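Consider the two complexes below, in which chain A is the common component and chain B and chain C are the respective partners.
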Partner chain A sequence: MNSAGGGSAKRLRAAALLPGLPQLLRGQRLAGLSLMSLALAMLAVLAFGFDRVLATFTAGRVDHWIAFLTLAGTLGLAWRLSRVWGRDRGGEEAAGVSGWAIAWREFKKNRPAVLGLYLMVALYLVTLLAPYLTSYDPTVIVEDIASVRHLAPSGEHLLGTDKYGRDVYARILYGARISLSIGFIAVVISITLGTLVGAVSGYFGGVVDTVLMRFVDTLISFPRLVLLITVIALFDPSILVVVIVLGLTLWPSTARIVRSEVLSLREREFIEAARALGLGSPRIILRHIIPNVMAPVIVAATLGLGNIILIEAGLSFLGLSVQPPTPSWGVIINDGREFLLDAWWVSTFPGLAIVFTVVAFNLIGDGLRDALDPRLRM
Partner chain B sequence: MNAYIVRRLLQAIPLVLGILTLVFIILQAAPGDPMAIYMHPSVSPEVLEQMRENYGLDQPIHVQYVRWLKTFLSGDFGVSVTQNRPIASILADRIPNTLLLSGTSLLLIFAIGIGLGIIQAVRQHSGLDHTLTLGALFIYSMPSFWLGLMLILIFGYKVHFVEWWPEALKFPASGMDSADYDMLGTWGRFTDRLQHLVLPSIALGVSSAASVARYMRSSMLEVIRQDYIRTARAKGLPERTVILKHALKNALLPIITLLGLYLPFLFSGAVLVEVVFAWPGMGRAIYDAIIQRDYPTVMATTFVFAVMVVIANLIADILYAVVDPRIRYEGGRRE
Partner chain C sequence: MSAPLLQVDDLRTYFHTADGPVRAVDGVSFSLERGATLGIVGESGCGKSVTCLSILRLIDRPGRVEPGSSIRLGGRDLMELSEEDMRDVRGNEISMIFQEPMTSLNPVWTIGDQIAEAVRLHRGVGRAEARRRAAEMLGLVGIPEPEGRLADYPHEFSGGMRQRAMIAMALACDPDVLLADEPTTALDVTIQAEILDLLAGLQERLGMAIVFVSHDLGVVAQIADRVIVMYAGQVVEQGDTDTIFSRPRHPYTEGLLRSTPRVGGRVPRLATIAGAVPSAKRWPPGCRFHPRCPHAWQRCREESPRLLGTDGTARCWLEEEPQRRTVHEEAGP
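Moving on to the complex of A and B:
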């Protein structure tokens, strides 16, 4: 493979103009197709939304600039990666392979999981590029509502309009931001908290363990959504309250998983050695215990992300999350509920968006579980 | 066996106490004065002070806590501010409806989940297996309230205009019974209620059914690999008997523990599904109470929901001990 002649080297160099092409020519299909589709997608956004991209420099909203940076950054990254990966990497086989690299190799073999990863990357790109993908504003209500409300899906309004004449496609695009970012932050909070509590509980055992685990049992006894709406109802629902409450109520299951891992981990020799060296408990927990329970935690986080997105959708459907007119997927579904029979498209499409997002996270989560923790394979 | 049940019951007591304490803490942490609803220019501060004393709100917090525990445990949840009737009587009306809905759903979940799981395990790696796995993934990722809306749209509305569609499969869009329910005979009432149950229980249950199918598949696969199944096949029993009589019994064991696991999910979903289908259950009650800012009702409903989960877990554990004698003799707790 490395004995390519001068001619094909030149061909490779020429091919490097289009990201992914060198990889494809070498037979690295996954890397090649990923890079190429990424680059082509960005070019398509540029081509179809050229006016909107140009508007960045005249209108200059923060939104537009973020989108512009994403567009340029992704293109540049695809091109750069294509160059870097295109170089000869003869020394790779000789170097040691870390556990994470092995997991990644396993993960790559899992087609559904890779598909989920693609979906997730696409979703996050869409949230960042939203202003370039539609020219409609998701919240502005035009004065002449009667002529634009409840329009069926068409070329002009891809997914129709809602009861205020707002473009449903634009609302779903911008709603993705709320749903995805709330989910992400809440998962980070709850995973961090759950890992810490679980590690402390498992490591110290005894009274600490009993008290913490009884508390976890109590929290788990509440139907999740009921506890959430009860707490949120006491405050005025806002993004901040929802994120914090979601983060605070979803940690118990992580704590349980981590605790059971730590119970066996703390009996192992390397922890005993750390203790013999006189290291303090905080240091042992943070530096030696937690890194070793990361695999199940990451799996729980990915699967939890899908769950949290579902829960957030339910909360905003009940009107207990983001407040209108800010779009979130649950809010849009609730908007369409009143006129479900006349304008089915308003409620249907955001629901599909939720389904595909959650499917993506579940696919990735399952793939990660298989790759990181073969014991849990079902 | 009795010793096991008693031990399990004793373990539930601190749990209920914990639930009560948490509800109390949430109530206390709530911003705002509980007397705020009575504040009005025409009500003098002295009267407010007097009311505060009557309600015991001037007492130190631990005294309030103990008094509150006593009243709550005796089933006195106070009076609903908006409906002006005891919360206990509101809940007494609503609990059977929620139990009916979740019970039907639970039946559906286990019937569908176990059935599909067996089919998938028997036909492992076939096209059917992969299709069902993929379908389960999508159904599992669906929000129940959205599925409910889609079911209403299709089976509660669109099909009513399709001539060839069988009358029995045209379902009512919402509510618990038809307008003429009281005029119907016993059989008529039963079928009417059943018709109203179909769509909400599907919306509530299918996502869990998909995950039960997944567990059932792996549990079944584990069992049919065992020696006694090979023996059963070797002595010439038909495959049907081997699977349904010999393998199923053992494959079902771990599925029973799922019963307790799914109930909190079902109750969570019930809040959304009851709102979508205008089903007069506890979920609907807590939603209405939140909208009307009727906090005592919210708290009482939350408490009852949690206690119902504890009871369901108890029942699941006892059931498990009945079918699997090993559990009774091991230490009380399962991880």
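Moving on to the complex of A and C:
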């Protein structure tokens, strides 16, 4: 192994004060840079928003506390990981290699996918840390609108202000919360439903399969946007309605993917072996079928997340999703639509946010698809 | 003598397809004593595997074990059991191991998880106890350092080790009967011998009865006490292993034996049985082997023989008219 003399061990321990440094010293660039930039970013938030962080203890607002926990947690995690990874890993590598470890090794080789992963982590951190990243309130409208509306980007308003004088940067930060949570919850709903329906359909086959799949065909053959608009029109538009409707309309494609996987899976001998051991169908589906289709499901989930964020932005743009003044990316773009020539920044920056987010998820999805390729297994 | 442990009577498993029933297993009967080993041999498609799956009632639609078939384990008729009771039999009283050790373990769970799963299911024991049992079983099937290997995934095991793990899984609940469906076919010869030794050793220690299915006569000769030879969904010959191998009575058995390579015997060219196994949708009339039989005469084409001979050993009219046996060698029908 490497020359772990007393001196270098001490140096490593000292270096561990700054997360990532021990990894960099050992030549583990990816791990080192990741940990260090994570830690430095957190320290920067602390430095530039120190009064906002302090305000946590007086404001008594839940999202301030969430931001505080995120900040502390991320710093702690970076430091801890740096310590753990800094230890000699000879023994660890000799131990069992699970399919996931192999997949991670493949994923790491894919630069764009790793970039996507960074973007995603940054995005989620931003949503959680929003109160520390800006002092402006995304929804409050000041009385003297005329003097603050449509201000161009400047030191004071990083990305300018909109027609009500609200800070666009703040609105994008808080809008990320809405867009990402809608995307996340809708994906969880649709993936769960799709996986179960697909697995049951593929495993049992016959009449069950025919009935379920014809239902899926019917759902898929509706123009998606028309279906969404119709269903949402039946209720008052709200986050809850949008999340549920998106979740309940997007599962059929997952069900199809899962079903086709299960069709080949159930012919594998270990399913027969599980039956020969006396396992019942529910147990076989949950323990033996579903874990084996997780790879395509995870890929579908990541790609679906980008897709759902796009659809949600479209719906907000049409005024069918989140209602003003709550910011969501689609809503902000819609706000700036009339003034595109005079105040280009209002629509442009949330548009870029959507582009980056969707690209990030698609990069991750592609990376996962390659990394989880079953041909790499066994 | 006491009643046999496993008694299969007139087992018929048909697959009801759109163009008529496929009679994959058509009237198979045999019995198995406690602790004995029965070999089932025959070509691909003769119904060996379907017989095993039928015993466990694992035949999926459109397949069906026809009414009138009886499978008795101890005193119970398995055909009468509810699906739930049947699940208690599977893996617990009758276990099965399969041909393909590469695919018969679930790639996403560790070996230990998979062995423990069966134990927890049938024995209702806790996690720790099931794990202890899993380690014990792995040790029993000859995997070194069993405790450490519990956390391994199937892809970290070699083919032979996986088959050992499969055997550990199948035997974890002390079944009375082990159905071994070509368990050595996919392994190379040295590993084959190890697995056969292992099975024989385990049988001695644990006392389970084995139904050993193979198309490899040499392998069956090593392990089985009694042999049944299957052709076209039927038993065509049955008897003690020694008798069958030294004095085969059915022309099909003869053909099989002649087409088996032998070490040392310098045969210029290995004999084959002319023709191929007929389609299970339309078995030939009369004796099902007659289109391929070198001795066949008119009667074989018209009348279907029962198991004939002194103790019902061969399904062949030659048992009644031995003078018909032509001085054969190689000739087709």
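We take it that the second predicted complex is superposed on the first by the 372 of 378 C-alpha atoms of A that agree within 3 Å, B and C clash if a C-alpha of one lies under 4 Å from a C-alpha of the other, contacts with A are read in each partner's own complex, and residues count from 1 in each chain.
The working rule: a residue touches a chain if its C-beta (ideal position, glycine included) is under 8 Å from a C-beta of that chain, and two chains touch if they have at least 3 such contacts.
These numbers were taken from a predicted model, which means no experiment stands behind them.
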- Consider chain A as the common anchor and indicate whether chain B and chain C clash or fit when overlaid. fit
- Message: Going by the contact rule set out at the top, does A:R275 touch chain B (first), chain C (second), both, or neither?
- Response: second
- Query: Angle at chain A, chain B to chain C, CA centres, as a multiple of 10°?
  - Reply: 90
- Task: Could you look at A:G314 and tell me whether it touches chain B, chain C, both or neither (first, second, both, neither)?
- Result: first
- Should A:L54 be classified as contacting the first partner (chain B), the second (chain C), both, or neither? neither
- In this superposed model, does chain C or chain B come into contact with more residues of chain A? B
- Should A:L69 be classified as contacting the first partner (chain B), the second (chain C), both, or neither? neither
- Task: Pick one for A:A44: touches chain B only (first), chain C only (second), both, or neither.
- Result: neither
- Would you check which partner chain A:P291 touches, where first means chain B only, second means chain C only, and both and neither mean what they say? second
- Note on the structure: Once both structures are superposed, the least CA distance from chain B to chain C in Å comes to 15
- Same chain A residues contacting chain B and chain C, which ones? 378
- Touching residues (chain side chain A, partner chain B) in the complex: 214-215, 217-227, 229-231, 233-235, 260, 306, 310, 313-314, 317-320, 330, 333, 337, 340-341, 344, 347-348, 350-351, 354-355, 358-359, 362-363, 378
- Of all residues in chain C, which touch chain A in the complex? 56, 58, 61, 87-92, 95-100, 102-110, 117-118, 121-122, 151-153, 155-156, 166, 169-170, 179
- Task: Within their complex, state which residues of chain A touch chain C.
- Result: 95-99, 206, 268-270, 272-280, 283, 287-288, 291-292, 294, 377-378
- Touching chain A in the complex: which residues of chain B? 14-15, 18-19, 22, 26, 29-31, 137-138, 140-147, 149-150, 152-153, 157, 214-215, 218, 264-272, 275-276, 283, 286-287, 290-291, 293, 295, 298-299, 301-302, 305-306, 309-310, 313, 335
